[in-house]
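Next come the structures, one after another.
Look for chain A in each of the two complexes below; its partner is chain B in the first and chain C in the second.
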Partner chain A sequence: MNQLIEIFSGVGITQLTAGNIAMWLIAFVLFYLAIKKGVEPLLLVPIGFGIFAANFPLTGLLEEGGLFYIFYHYGIENELIPPLIFLGLGAMTDFGPVIANPKTLLLGAAAQLGVYVAFFGALLMGFTISEAACIGIIGGADGPTSIFLSANLAPHMMGSVAVAAYSYMALVPIIIPPIAKLLTTKQERAMVMTQMRMVSKTEKIVFPLLTSIVIMLLVPKSAPLIAMFMLGNLFMESGVVERLTNVSRDALMNIVTILLGVGVGSTMTAETFLTWKTIGVFIMGVVAFAFATAGGVLIAKLMNLFTKNKVNPLIGAAGVSAVPMAARVVHNLGAEANPQNYLLMHAMGPNVAGVIGTAVAAGAFISAIL
Partner chain B sequence: MVQVNAPMVGKVLSVEVKVGDQVKKNDVVVTLEAMKMQIKVYAPSDGEVAEVNVSAGDVVNTETVLVALK
Partner chain C sequence: MVDWDAAVRVALSGIVSVFAVLAVLQVTVQVAGAIINSQAQKQKEKQKA
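Here is the complex of A and B:
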């Protein structure tokens, strides 16, 4: 009889909890969004499956030495994968629009307002300072940076922060337009910007080096992300290491995306995810996004009071990163107000500057908190 | 003669007009693809298409005159 009980207790189904099944349902929602609705499928499919598989009892996947433990411990906790993703992003980012119009760097920085508003909001809601920083960074709309910061400050919240960040990024076309419209007049949105100047190859090669020097001296803790971002960019702009450029943005990026997705998903077990804190993360996440959009637009308007070469304030909204979707949304808003308005490349300036801004904000949080 | 330049670097997806066509302001003349997005290039004024300098598949930049109107 004892033997029979022993055999049955080793069968997963006898240990399955309601929490496990609730997490499966969450995984199925992510699959539905990714497969049926096309929401960030490259991330939500692996994250969803990570959640699904992590919520089976007795698999040992999450125990020390287990497969998902290895993905998480060596890939994410050791901060290896987010910087590798940044390498790939660097190898596909054209900093031309920033170099042609360096003012846009300020707009990328302004959009980090959302990060700080959500940070203080989360503190008021009772989150710890480390947790609040991870929630705030959602407003930067940058998945790898959010994961990097959670790995440093609040690993228990990584799953909810990552899913909130990726979900809201997918919702950029819904979140940005009402806020950007509320803060601008039709006349402002219709404003055509002067054609950008051509940027030379030398400038494009110097940019990643100069940016590395400035940022890594000022915010040393952002170095893992910034160094890899700029290395990837130097690969691409140098034009002499096409093989490295291609492998960084294609094969390597795809491989680490699988490990990142499954690793992050596997942190979302019923015990860590099904808490009131997760709800708080999602509420403050959308607050962060809204204030990031508003920050970019308002600073653009402020800048216009003092400068001769005015910018269309809409491009400030692209400072929330979410490259290049935010820039596309901004372009459409501009074209809606005036068909002759082509804002796409102008919006790419704050857009890529926003990525740098978020990495810097993450580095600043780590220096201040750890 | 009004020259319509490409507003950004991109690839021509389709050309919507041919020489001799009458166009009105804000009619689509060319559709470009940039950043995986379709960008419609509109006629800046009414006129007749005098030149079409690009065809589908061409890569263009801001110095490329896509079409000219008279």
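Here is the complex of A and C:
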């Protein structure tokens, strides 16, 4: 009899809890969103499967030495994977629009205002300073940066922060238009911007070096993200390391995306995810996004009061990162107000500046809190 | 209990850092662009001459 009990106690089904089943359901929702609705499938499929597999009892996946433990500990906790994702992003990003119109960098900064509004909102909801910083950074609409900051400041919240960040990034076409329309007149949205100047190859090669010098000297804690972002960009712009460029944006990017997704998903066990804090993360995440959009638009309007070459205030809304979806949404809004309006390349400036701005904001949080 | 002094310090240092860093970067990119373009222009004029 004792032997029988021993055998059964080693079978997973006898240890299954209601919490495990609830987490499976959450994983199935992510699969549905990714597969049926096309919401960030590259991330939500591996994250969903990470949640699904991590919530089987007795597998040992999450114990020290277990497979998911290795993904998480060596890949995410040790801050390896988010910078590698940035390497791939750098090898895909054209900074031409920022170089042609450097004041769009300020619009990328303006969109970070949402990060700080959500930071205070989260504090009012009872989160600690470290947790509030991780929630605020969702407003930067940058998944790898959110994960990087959570790994540093609040690892227990990484799963919910990552899922909120990627979910809201997919909702950019729903979140940006009402806020941008509310804060601009039709005349402002219809404004046609002057054509951007041509950017030389030399300028594009110098940009990643200059950016590295400025940012890593002023906010050293953002170095892991910025260094790899700029290295990837230098690969691409130099034109002499095609193999490295291709591997950074294709094979390596795909491999680390799998490890990142499964590693983040595996942190979402019933005990850590099924808490009131997760609901708070999702509420403040959307607040962060909304204020980030508003910040970009309002600062663009403010800039227009003092500068000769006016910008269409809509492009400020693209500062929330979510490259290139936010820029496309802004372009469509401009074209809706004036079919002659072609804002896509103009909006790419604040869009990629937003990625830099979010990495700087994350570095500033780490410097101030740790 | 939230330490509001610390929270305000974190937020202010963050906002100032983000705007200061990107403003410095803006000026640097503008200056570098002007130098690179003027050098390229001079090179062109030399070649023409």
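Going forward, the second predicted complex is superposed on the first by the 370 of 370 C-alpha atoms of A that agree within 3 Å, B and C clash if a C-alpha of one lies under 4 Å from a C-alpha of the other, contacts with A are read in each partner's own complex, and residues count from 1 in each chain.
We take it that contacts are C-beta pairs under 8 Å (C-beta built on N, C-alpha and C of every residue); 3 or more make two chains touch, one makes a residue touch a chain.
Not measured: the values here are computed from a predicted model.
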{"item": "Contacts of A:E203 with chain B and chain C, given as first, second, both or neither", "value": "second"}
{"item": "Chain B versus chain C as contact partner of A:Q195, first or second or both or neither", "value": "first"}
{"item": "First, second, both or neither for A:L113, with chain B first and chain C second", "value": "second"}
{"item": "Partner chain in contact with A:H331 - chain B first, chain C second, else both or neither", "value": "first"}
{"item": "When both partners are placed on the shared chain, which of chain B and chain C touches more of chain A", "value": "C"}
{"item": "Which of chain B and chain C A:M345 touches, first, second, both or neither", "value": "first"}
{"item": "Touched partner set for A:I129, first chain B, second chain C, both or neither", "value": "second"}
{"item": "Footprint overlap on chain A, where chain B in one structure and chain C in the other make contact", "value": "none"}
{"item": "Complex contact set, residues of chain A against chain B", "value": "195-196, 198, 324, 327-328, 331, 335, 339-340, 342, 344-345, 348"}
{"item": "Interface residues, chain A side, partner chain C - complex", "value": "98-99, 102-103, 105-106, 108-109, 112-113, 115-116, 119-120, 123, 126, 128-129, 132-133, 199-200, 202-203, 206-207, 210-211, 214-215, 218-219, 353, 356-357, 360-361, 363-365, 367-369"}
{"item": "Partner chain A, residues of chain B touching it in the complex", "value": "7-9, 26, 34-37, 39-42, 44, 62"}
{"item": "Residues on chain C engaged by chain A in the complex (per definition of touch)", "value": "2-4, 6-7, 9-11, 13-15, 17-30, 32-33, 36-37, 40"}
